[in-house]
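The structure that follows is given in the form of structure tokens.
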Amino acid sequence: MNDLLQKPRKVYVSRKIEFNAAHRLFNPHVTDEENFQIYGKCSNKYGHGHNYLLEITLCGIVNRDSGFLFDLKELKSILEKEIIARFDHRHLNHDVAELVDCVPTTEVLAVLIWEILEQRLNNINNREFSLHEVKLYETGKNAVRYLGE
Amino acid sequence: MNDLLQKPRKVYVSRKIEFNAAHRLFNPHVTDEENFQIYGKCSNKYGHGHNYLLEITLCGIVNRDSGFLFDLKELKSILEKEIIARFDHRHLNHDVAELVDCVPTTEVLAVLIWEILEQRLNNINNREFSLHEVKLYETGKNAVRYLGE
Amino acid sequence: MNDLLQKPRKVYVSRKIEFNAAHRLFNPHVTDEENFQIYGKCSNKYGHGHNYLLEITLCGIVNRDSGFLFDLKELKSILEKEIIARFDHRHLNHDVAELVDCVPTTEVLAVLIWEILEQRLNNINNREFSLHEVKLYETGKNAVRYLGE
Amino acid sequence: MNDLLQKPRKVYVSRKIEFNAAHRLFNPHVTDEENFQIYGKCSNKYGHGHNYLLEITLCGIVNRDSGFLFDLKELKSILEKEIIARFDHRHLNHDVAELVDCVPTTEVLAVLIWEILEQRLNNINNREFSLHEVKLYETGKNAVRYLGE
Amino acid sequence: MNDLLQKPRKVYVSRKIEFNAAHRLFNPHVTDEENFQIYGKCSNKYGHGHNYLLEITLCGIVNRDSGFLFDLKELKSILEKEIIARFDHRHLNHDVAELVDCVPTTEVLAVLIWEILEQRLNNINNREFSLHEVKLYETGKNAVRYLGE
Amino acid sequence: MNDLLQKPRKVYVSRKIEFNAAHRLFNPHVTDEENFQIYGKCSNKYGHGHNYLLEITLCGIVNRDSGFLFDLKELKSILEKEIIARFDHRHLNHDVAELVDCVPTTEVLAVLIWEILEQRLNNINNREFSLHEVKLYETGKNAVRYLGE
């Protein structure tokens, strides 16, 4: 089976999910004026929100038996428990314990998602892949990529 | 000029804009439990948010001199003053006067946007067009259309 | 609550879902040559497939208490039972009882989905809305709309 | 075959194509200053351009034998001869005979495409469908629909 | 001509094409139960299908005379002969000789497309570019990249 | 604040903008026939046009105080002055000084945009980021990436 895989093949497999959340860019250690100077209307008091689009990329050698790098059904289940349950329909400043004392910029959120998934994926036995990239789109125009460096 | 327009031509012209806002689906006249039963996680306390995509459609006879139904530069300016300034980077439940004592569902928001634009466009003299449709996408999957009926 | 809804407001609410299916355009009552003449490579023996995108639109008066036309959580549940369970990851010619003795063109499939949903939605008590449109995209370029006429 | 089609079914079938063209919004019967006042930077001397996206919708009763409203292979061939050959990789002001003495706004272009296709489709014998709508997107944000009225 | 190209410039040029195919994830060397455990509903007997979107990326130094890395008209012609003719409107398990005794996962298909194109592009004389990446989207949510490693 | 940023975090931040321009692929040093042989209908006399989509990616360490790599409001302002003002609603062959004696292919345009932005961003004091990539989409199907190599 799968003669194309006799030679090891390194692939990158990506999966997109979406979550809808509110956030406010605000640093409590500086004045409101300074916050407005840095964050503009993103510092408005009650926050605003986004349809965040998250793209997770795993990297590794394709399994010769299954033809998969990693079972996307299992990845989907992990993303629902670790990402959707934590962020979807939440206000990032109020509802997410890991973001207390953080300004929830897209950069910070991408780093946090990396940390959560890296730790969770490390618990899978005999894994032959690694987390390669977290890409988070705040809107259709803006995105941040973090590769764990 | 524009011989194709000797005969009156009725066209529909659409323009899309985007705004990012937070909202919470919550009716203060019923209990938290009832709110959760009706609105689910959309009733979470601090709200969540969306990249709202709004598509405005005007309808009327093309002007034979300009070849336009309506100057899109002027429409853009109206949408920035009436829609972006009012809704963008806001929390709909806290920051929008017109939505006090409303549950800011996509349906309600589409009706409100119709009312705002219908009134504003009525003030334009000699207008040869009318507001035809407000279409509001809450996500890439859900949308509401309102035609003023 | 919801003063904007004191006047009845007729809205159109749309929801998109996706299913992945195989099909073959083939009429067993005519020859292979005639099939190829009518359907071209769409008549290839084992079939081909699509990521079908289905957009359902309901129409009616917004409920003044909830601000909803119809609870999208309930609509999602209906679509999963009636559409996803029936069509997703299926070969339309072999696996769908309703399509036996049909050529599963996008036109026929849109009509079938209308019949299924119209019957299912009729069973909801006190419903204040009706099925308005079934729109089925076979690819990003081709789509069929059916409004029950 | 196709029992679902025993009852006549009226469907709307849409097909999208793209063409890339340059244009300039400029009326030679008024001054440059007046052109700039009406058309702004769209009146720049050498023109600018767009990836125009055109969506053609036909309407009629599904054919009970084929399950098609109209063969999309034939529609594609018509669109290539009538639309792509005429507009693609052209400068609309210089290269399109039908647009001489026109300001090639999206409105005017949509009306012209209707006229071309309406005449061409009328030449098909025994046709059971009609041209329903021409929708022309100039960008992802702006579009014009014309229904022949 | 092209003074910007006096210094050698390494660019990555991408081209997207689409093909519609059916497939079934099924390993004939294990039982149906094991197949269902590994592949879930993707192992359904007659298969399902997708609108596959393929993005090919070439890499190399821009030609100083033409301003091109590689003529996209020629690339399009190669992709039609090697990819569209082989995969479009096919059932991958039945109709593609190279996939006999393979489970046609997106990973395996991306590797196969790399092998086909790498061999074909090697036959072009004096080529100054190389195949950089094959990216294959099975749906809008899932994609696999292969870079030949 | 921002404990996640105690460890330096290298991120890639992308921003998309669009401009609409005309161009003609034509080399004045060779004959019209040779131009047609190399560039096909892209060499038509008056040019054609595109909705160009430009994606700029910056790379660097997230600022621990702001949670930003770089203020996107400032990036937007730079892109409007350097890119939109120069290319939007222009004919690239006639209106852009930097492209005189160039064939304005997507490759050449991507390199030019890199040169413009690299020079402009170098003038920002204390900058902790660098320009990582210019990606320019000519259509939804074709794109060129340049990374300054």
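Order of writing sets the labels: A, B, C, D, E and F. Residues in every chain begin at 1.
Definition applied: a residue touches a chain if its C-beta (ideal position, glycine included) is under 8 Å from a C-beta of that chain, and two chains touch if they have at least 3 such contacts.
As the structure is a computational prediction, the values presented were derived from the model and not from experiment.
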{"item": "Chain E and chain B - chains in contact with each", "value": "A, C"}
{"item": "Partner chains shared by chain C and chain F (touch criterion as defined above)", "value": "D, E"}
{"item": "Intercentroid distance (Cα basis), chain F paired with chain E, Å", "value": "27"}
{"item": "Chain A and chain D, separation of their C-alpha mean positions in angstrom", "value": "42"}
{"item": "Mean-CA-position distance for chain B and chain A (Å)", "value": "31"}
{"item": "Set of chain A residues in contact with two or more other chains", "value": "140"}
{"item": "Listing of all chain pairs that touch each other, if any do", "value": "A-B, A-E, A-F, B-C, B-D, C-D, C-E, D-F, E-F"}
{"item": "Footprint of chain B on chain C - complex, ascending", "value": "1-5, 9-17, 62, 65-69, 71-73"}
{"item": "Residues on chain D engaged by chain B in the complex (per definition of touch)", "value": "25, 27, 29, 38, 40, 101-108, 110-112, 115, 140-147, 149"}
{"item": "Chain D residues touching chain F - in the complex, by the definition given at the top", "value": "18, 20-23, 41-42, 44-51, 88-91, 93-95, 139-140"}
